[in-house]
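You will see two complexes here that share chain A, one where it goes with chain B and one where it goes with chain C.
Our next item is the complex of A and B:
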């Protein structure tokens, strides 16, 4: 149900503080109008900056190869040898995702406890100042790993460890762990604190008190979020393959280089199957959780869910199997060689240096990256909203049977499209777009937009499903037609949420510009990739710092706009 | 005379501009049974918090079991807290856990972390938990999910949790406020019996004056954060009790 939405919101870096009292409604609508103007201006500027309408974007001669590629969809390569390879790589990608998620949960649990206000606000003696400092420090430590995309971590660890399964596991586990820690700490803070303080009052240690008093009530939510993370980890594992960490993504990259369309399709189908399966499992677990929550609110008490138990047991088995499958050997982490490479890399990176373009060049690159993210999110917002309405569950209207059937087909069709759009990671979309577009910012933006449409469309459809039904019923009772109900009931209620989700996804998109940068679409991501390939680590550190700064700026802007929406 | 188990000297608690407690002097000898009464908002819960060390006094000194909360090292404070059991109005149990774990939670102060973690999978000291639950009258509920028990049963689990702590003092913060009167009287009787049997000091905040005047030796009246009276039950006059609540009645809605 609403859980995806809930998790998306929880992951956002800057949670907007509650709206200030005073100021009045006119002042607020004034502010809102100001933001709206600013957003429109930003989209127009970004579109112009990324080359819309400049004529040198579309590569007409590539249309033929794109048609060939599309035609190959019906005849993927299905010989036994290739299928076996695809199957093996599929399991490898799955194993990376499982192990990465497992690591992120360990980090998330420890970081979540240390980042929670509950942890710091207990104890008789420690002063207010010290507690606040401890909490802020724990939160601050988590900001940097969260601000760096998995792919950047992947590139870094590839340098340190070479090709080794530990690369993918760490690259997924560290940034995911930081996000998980942030969400976990908020979940723990939402949980009733009384049993925990009661245990502390009885002289219990903090960790034991957390274990008995705070974790059991929070556990269902923690598990639900973990499954959502796993769903995301599958996509990240595929992307990491593209930069050389092995798995489906790696095979995809090879097939793209040699333009073997039939191979590409087999791999894409495998990726879609894996992604849809993870999606389905995760949403099954999470909707079971949502049902349990509703039931416990009704006072029926919450029973242990068999689905949850089976899923957890299966997850544990998967972790063991994955470790064996990829031959994970954590001892490479403290091998002398890895340390030598690591420290060498760091000493070369420090002090950071500016590239040829100087500070102005860096600013220009940041601007380009920003433009790419704005174009992407504006496109995805429009497309997502378009798909969201048919993808939402139809109301039980007085429609004709034929109309209802049509509506059902529309729902299933749009849900299918959305699932496919988000199953294929943005860099793969970018590689596909490069058939018909010249390399540049626009193909990157469109690739991000296509993928983000899949995610946003689902979020928006969920929010339409969760609209308060009462006003809609009232409108129908007045004799309003379905289209009138839609204009007067659905749009006004859903629009602010749509905008909020759009803003959340903008925060994610600015991070993901790195990913399409890797396949040659401009901006900071492309430069970063070049610098790492050219062993220019001090330059890469500067670019990375710029990227993190940009990410933070976007987070703060988004939080400010969301605040004015409330 | 034995050393007092509790000694409060001019204790005050302020939350920002709000004064919850001011100028509290209170000495408690081992084995005493004290009822604390007063209108809501008088500072009863804050006083309990000060006694078990979850609320820090902003002025004055708090000495519990010979340990000065303000000066003692954390280790020593925890050692004191381990011997003080607190029972809360809303029980403060973890509803998702089985009864056995909620009772064992009282031992967390003396268990190392690994033992606490292991016990969630393989419950430790089950015999002792069963015996304690028998003592509070719900021996058959060992493996029930705590949230499924009735209010009275849950309060008994909370009492069992305190008992396995082996306390020298039990603090009860409105222990019966969320129970019906009959259950409430049962719980109070149980607490008094247990404290008499083991010679444990009992301090209970009660909103119900009848219950407080019934079987406690000493009654402390609190009003707007200050001690209005502190007397043997036998010396207490009805007018004094009425005066304690008079202000509330006059200004109440």
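Our next item is the complex of A and C:
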């Protein structure tokens, strides 16, 4: 599944070619050391800012309340009425994820074509400068939707469309579509251009050349990436429910209001089941795809992948079913009413206004958000790496049968832990942590860390699975013990990928500080929440701009760090 | 080269078209009045157990529908702000708002009508609670709240009247601003959570709706050896029914008055009425006027909750 690595890398900012100047190794290692120092410093500063080391971080008195919650795990609410409700809400969450993904694919395909260099470099009529401008413009347009969290999109569309299923579909579809467009454009640029240029040379139009020459060979990769996005969409649909879009998240928010732990657990189990199913389906499709690629590399030629075909067909049926289930009616999008509310909202928001704290206050809040994201990602990186190794598929070593069985148990166990960590939305983690931690930045950061560990650990485990097996086999053939193979074979090969994943998730984490702000963990997210609740749209626009700016800064920094790793 | 299974996609599309004709079980708004029927959509702020709300409002919807001769539909919302937004957009036409949300809704919809309140809504209280280990002692009057300065403190939902707006009003009266607390004040999100977080010692003190607190104590859901009431505020007006100004236009002249009269006439004279009053924990619905919420409006402006 090497594809995932490429996607993750592609999902972050457009990476310009590595700089040529001074390309010597000593200079590069120098630069790497500089980054390493900077990263350590950033983590230390953020940890201190969050209150680590000030003594009063964890408190034991609240453990009882947390234990009450944990104890309820064995006795979820199981009466028929509630189970029926949970089942219905499960389908609703699934339906939103399906429709959101479907929309993101449409946006991704169009945006992907318009954002690809292939499209802009093959124009016959336009000049070079204009082509470059067009490409840059298409790229820039996709940046803003990616910088805004789904929840914020959801709140925006709620004002425009009211209580309507379209809200959740757009809230998932637009930011996901922007990410997908970026990945698609890179996939298209990587695809062989010969059939496309041949068609162009034969006098075909640009669109049809694209459709028949470029899209078909790229399609399997595009589809398997879509399945990866679908898995992410399930988690997003659940979080969106927390702000009122319906589905499991909605019920979860309601049960949390009155702290009915047994109800909460039933809903959490449903969420876990949905996550596991989506994870499984998506990784099935993607691993089949990866096998297909390997075959085609070996010269067997590309063959139609039956699993991909069946999954695609099932996906199409699901789209139809979901449309019916949530009662989606896209015609509301061009109703005059929606436009009226939309423009009314924008006129209220413009011009953006600074809050009481002024510019300094905004900077301080941005600092809090940044510190929260850094503590979160540092923790998640460590924990994720710790889980990744046992969660990866065991090698077929010469181990004893008992050892192998033990390894299998460890794998299943850590995979289960990871799936639970990422199935439970971060605001839920934040509230639970408040029972045993003093309020402040830290509970929010830890909540994000716990959730991100679930995602990161899984990505890292996948990358361990995908390591080139040959050097490891060579080490084993020389009689190296498993621990030696691990230290000298696995770690050096996996480390750069782990770092790349960590940086990628850091960008995601900065956006997600918005959702833990809701439970009072401070920073821009909390302020945004207050502003939206007070209908202070012009203030909210400023905060949002600050968040987008922060996302961009993090994007560029992590791209620079990644470049230095190459 | 794998080909796109076009036929399968087409099949999916057909399924989709066929399916579009049926009812939608997962539609959050259940497409209000799409078939041209006259529908009155009512709502509430999600301040308590959704199942209790569902029971309250479906019983009431049925009753109102019978008396008014139009279909009345209850649309649940999860978020205080969403209920105001939905009212402003006209998705909800008649809403049982809280004090602050009602004020916000009327500010956003000029001409919105304040219809009625429950008899108990004129006499609402908040309670201040404190962790027993915090050293905060019970007090007799508002000025005693000054001792909360220097302690950590949590409100409930940031747009709750009895969980945030009025407590903050009384704190300001006692000369305690949010900067006087140790650390930033928390916004726990709900009354129950406030009680639990103070019980757990996460915050030294907090404020919540008095009736929620009384129920938590009665049912033993909080440990009173860890969290106790230190002060009950003077009474204030809270919940009230607000109607959109265009109800008459949409559902016939005099409909707004008819709704008001129907609400005020619920006196427990038959089984359904008894049930409604029991569910709403009220003796009756009584008239109210915008002036009753002037204080809330004033505090909300000061706190930046009204724009």
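Quick note on the criterion: the second predicted complex is superposed on the first by the 548 of 566 C-alpha atoms of A that agree within 3 Å, B and C clash if a C-alpha of one lies under 4 Å from a C-alpha of the other, contacts with A are read in each partner's own complex, and residues count from 1 in each chain.
What we mean here is this: contacts are C-beta pairs under 8 Å (C-beta built on N, C-alpha and C of every residue); 3 or more make two chains touch, one makes a residue touch a chain.
Please read all numbers here as calculations on a predicted model, not as lab measurements.
A.B. asks: Once chain A of both complexes is superposed, is A:316 in touch with chain B (first), chain C (second), both, or neither?
C.D. replies: second
A.B. asks: For A:351, select first, second, both or neither according to whether it touches chain B, chain C, the two together, or no partner.
C.D. replies: In the superposition, A:351 contacts neither chain B nor chain C.
A.B. asks: Of the two partners chain B and chain C, which one touches more residues belonging to chain A?
C.D. replies: C
A.B. asks: Which partner chains sit in contact with A:360 here, chain B, chain C, both or neither? Use first/second/both/neither.
C.D. replies: In the superposition, A:360 contacts neither chain B nor chain C.
A.B. asks: Does the superposition put A:198 against chain B (first), chain C (second), both, or neither?
C.D. replies: A:198 contacts chain B only, not chain C.
A.B. asks: A:212 contacts which: chain B (first), chain C (second), both, neither?
C.D. replies: It touches chain B, and chain C stays clear.
A.B. asks: By the touch definition above, which chain A residues appear in both interfaces, chain B in one complex and chain C in the other?
C.D. replies: 216-217, 219, 302
A.B. asks: What residues on chain C touch chain A, complex-wise?
C.D. replies: 1-5, 8-9, 11-20, 22-31, 46, 48-50, 75, 77-82, 84-86, 89-91, 104, 108, 133, 152, 154, 158-159, 183-184, 186-190, 192-193, 196-197, 199-203, 226, 304-307
A.B. asks: Spell out the part of chain A that touches chain B in their complex, as residue ranges.
C.D. replies: So the residues of chain A in touch with chain B come to 123-125, 194-195, 197-205, 207-209, 211-213, 216-217, 219, 301-302.
A.B. asks: Quick check on the complex: what are the chain A residues that touch chain C?
C.D. replies: Per the stated touch rule, the residues are 59, 61-62, 64-65, 88, 91-92, 95, 155, 158-159, 162-165, 216-217, 219-220, 242-247, 250-251, 253-254, 256-260, 302-305, 308-309, 312-313, 315-317, 319-321, 323-329, 337, 341, 356, 431, 434-440, 518-520, 522, 526, 529-530, 532-536.
A.B. asks: Help me check something: in the complex, which residues belonging to chain B touch chain A?
C.D. replies: So the residues of chain B touching chain A come out as 49, 52-56, 69-70, 74, 77-86, 88, 90, 92-97, 101, 105-106, 108-111, 113, 116-117, 120, 145, 147-148, 161-162, 165.
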